[in-house]
Amino acid sequence: MTSETAAPLAVEALVRGHRLRLVEIAPWLIGGLAYFLFPDYLALGAQILIGIIFSLSLDLILGYAGIVTLGQAAFFGAGAYTAGLLAAHGWGEPLSALVAAGAVAAILGLISGAIILRTRGLTLLMLTLMISFMLQEAANKAGSITGGADGLQGMAVWPVLGVFHFDLYGRTAYLYCLAVLFLAWLAARRIVHSPFGRSLTGIRENEARMHAIGSPVFGRRLVIYTIAAAFAGVAGALLAQTTQFVALEVLSFERSGAGLIMLIIGGVGRLYGPFIGVPLYMIAQDRFAQADPVYWDFWIGLLLILVVVFARGGVLGLADQLRRRLRRTR
Amino acid sequence: MSAALETTGLCKNFGALAVASAIDFRLERGARHALIGPNGAGKTTFINLVTGALRPSAGRILLDGGDVTALPQAQRVKRGLARTFQINTLFRGLSVLENVCMAISERLGVAGDIHRPAGSRREVIDQAYAALERLGIADDAPRLVRELPYGRQRLVELAVALGLEPKVLLLDEPAAGVPSTESGIIVEVIESLPQDIALLIIEHDMDLVFRLARRITVLVQGAILVEGTPQEIAADPRVREVYLGEHVSP
Amino acid sequence: MSAALSIAFHGVAYAMVLYLISVGLSVTMGLMGFVNLAHGVFAAAGGYVMTRLMNGHGVPFPLAVAAAFVVVGAASMVVERLLYRRLYGADELSQVLMSVGLIFMSVAGAKFLWGPLAQPMTPPDYLSGQIDLGFRAFPAYRSFLIVAGAVLVTLLWLGLERTRFGARIRAAVDNRRMAQSIGINTTLLFTWTFALGSGLAALGGALGAEILAIDPGYALEHLIYFLIVVAVGGLGSIRGPFFAALLVGVTDTGFKYLLPEFGAFFIYALTLGLLLWRPQGLFGRA
């Protein structure tokens, strides 16, 4: 390669990195088509869309900034309970509740992040776990407010925009979630392509160097931790509003873990990892887990090990490898 | 006139172990200064203290006359202090060009921008590319750092630091790990650096030190043993005793 | 007084189990730098080996416990060679996910083989009932647990202090590169250390089956406590987790006894505070 071709190549790659490619429309085409093709599965569809937002929040902190957390459910749950409590106490307006849920989760993310993000490695992992366990235990024991282990009931969610009632078929729920996911995607896409997003990748790749080039690493980590918490909070609120119920499970380690697993299957550190991993996982779970949960757990465990050992990039990573190999043989 | 970099009474203790004891050091503007000393003398510790990666137990650090002792690393960089690492410390999964862009975004203060796409900052990318051209590694711009041979990565290490347009540049063994056939390129690059950058070079290779440095400070067991011109250092019996004995014939 | 004594007694018995299980985890994480969430799997396996041998085949208690140690220790060597070794030095996320995968498989495997219910654990006759110490009667099995735990801890510490194997482990924990350069085969050392840690976990799982019931979800349910003990004790430390286990065992028992309406909240809060105060744990090196 001569510098003549290398120069435009390298520069162009950076200049064009953020431009919308045709394939990026695919998720929205599929999401829209699914509404008409699978009218009986819209409830599952809404769950998948919520899962994608949650997984996207994990992707931002873990995939991009390299902050390994096992407690992201803390923010999901905080959002779910915020929306749930509002609706159970007379404020059923969904959009404002969604904003409130995101804000509560963001504040929780900001405060907890400010405390724990100075640590690294196992200590940080433990602290994220502790915070989610504390919240879950608090919600469990504060039964008079949260309904404890029985879950929060009595939510009355008003129609979206005052017009669209949540119906039994889940039509409104599905489209509502799809619209919120679209906004979340716009925001996430903007973030990862921004200089801020690139600097997060820098922190993940080499923190020492980021310090050495004068990057305020702690501040950057805190900002993305807070944003991701808001994403997770919004996802939690969507779950509460569309199911009109909040179970303790929203705060559980299992939820944090499942979010991680879906992300790693799709491809961690890639904007579209959640869009691949979450539907794959949740559709497969819907097909197989009900029939035999024991086998499901076993195969998911095995799959996880195989992905970690042989396919760290997940489905999208494998696709990249395949494409590169094809290009080489051509 | 104040020095580019100055330390007074700089100390660092790890428990009972003193790795830096009362270091008074002056790096003049535009200096070509080498810091040498046997293994474990505390050279890298000194760099880490100056950059702020470590907090000193006592003493002060002045950059361009201003006290930066209490400032975090990022603030010191903003004041014109840059470093390279003894072992390549790069964004291995990113392209060479992007490695340099990262530094330039920080210098221009746009790296925290969350709204505009990185690709729309043409000035960042162009400056980064120009920096690579100056070091003669523009051909490698699109390649991932981890795909480059180690010697080339050493040049990227330099390019990233230079992207910060420092006034003071600390080079921690710039030719470490590079076969001697290739270290010549690195020496040439260092020799061709703008004269207004004050350079502090930590180095083991004595040929390199005597070629690049106009002043040499010898560090032994965390304290300055002696400072002087290369001729003075080469002639100093104490230095020969502790350090140079087997390297330089009288 | 009686409540305090009761809390101390049950807390210490619980602490012994926690320590036996967690000490191996501390060493794996400190020595191999492996964030291993699946350590509880080996404890559960120990519990299953013991209860199955006793309940299904009438094997006497001491023999069943010994079998748990040997079988699980040996099996863990295979797991270490096949899986763990591939990820030494890998990023935390890979290690976390691999070990979570292992938990999933083991949970499903246990459910498939032995059903979803907890395995009944009946102590042998000579360890049932109460022991009267004059001023007060104590449950015999838990008294045995405390004594057995103390003996095992002493043996472990003496062993690591006095044997060549122990000296090698300590050297490798201190400075792995140095240990390699003086000719210690760290690959082999890791395997044996892993096996010892897993064997001890199996002992803890087996002996503690009366406190932490052996069921398929074991490795996940109690994971947080094992992690707390290790994180609070200090990674790589052998004695640290002992004091952490005592702290956790007694305070957790105390809080649940005195303030049941708060459940495990305080133990999480306490851990959070401790880790913020000392990120390296109580006995970890900074």
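Things to note:
Should a chain be cited, it is by its letter among A, B and C, assigned in written order, with residues numbered from 1 in that chain.
Here, a residue touches a chain if its C-beta (ideal position, glycine included) is under 8 Å from a C-beta of that chain, and two chains touch if they have at least 3 such contacts.
Small disclaimer: the values here were computed from a predicted structure and weren't measured.
For the pair chain A and chain B, there is no chain touching both partners.
Among the chains present, the centre nearest to the common Cα mean is that of A. Rounded to whole angstrom units, the spacing between the C-alpha centres of chain A and chain B is 41. A straight line joining the Cα centres of chain B and chain C is 47 Å long. One inter-chain figure worth recording: chain A and chain C are separated by 33 Å, centre to centre, where each centre is the mean of the chain's CA atoms.
On the chain C side of its complex with chain A, the touching residues are 29, 35, 83, 86-87, 92-94, 96-98, 100-109, 111-112, 220, 224, 227-228, 231, 235, 261-265, 268-269, 271-272, 275-276, 279-280. Residues of chain B that touch chain A in their complex: 51, 53, 72-78, 82-83, 85, 89-98, 101-103, 105-107, 110-122, 124-126, 129, 133, 138-142, 160-161, 163-164.
Chain A contributes residues 1-3, 6-7, 9-11, 13-19, 190-191, 193-199, 201-202, 205-206, 208-217, 219-220, 223 to its touches with chain B in the complex. Those residues of chain A that touch chain C in the complex are listed here as 62, 68, 70, 115-116, 119, 121-123, 125-127, 129-131, 133-134, 137-138, 140-141, 253, 257, 260-261, 264, 268, 294-298, 300-305, 307-309, 312.
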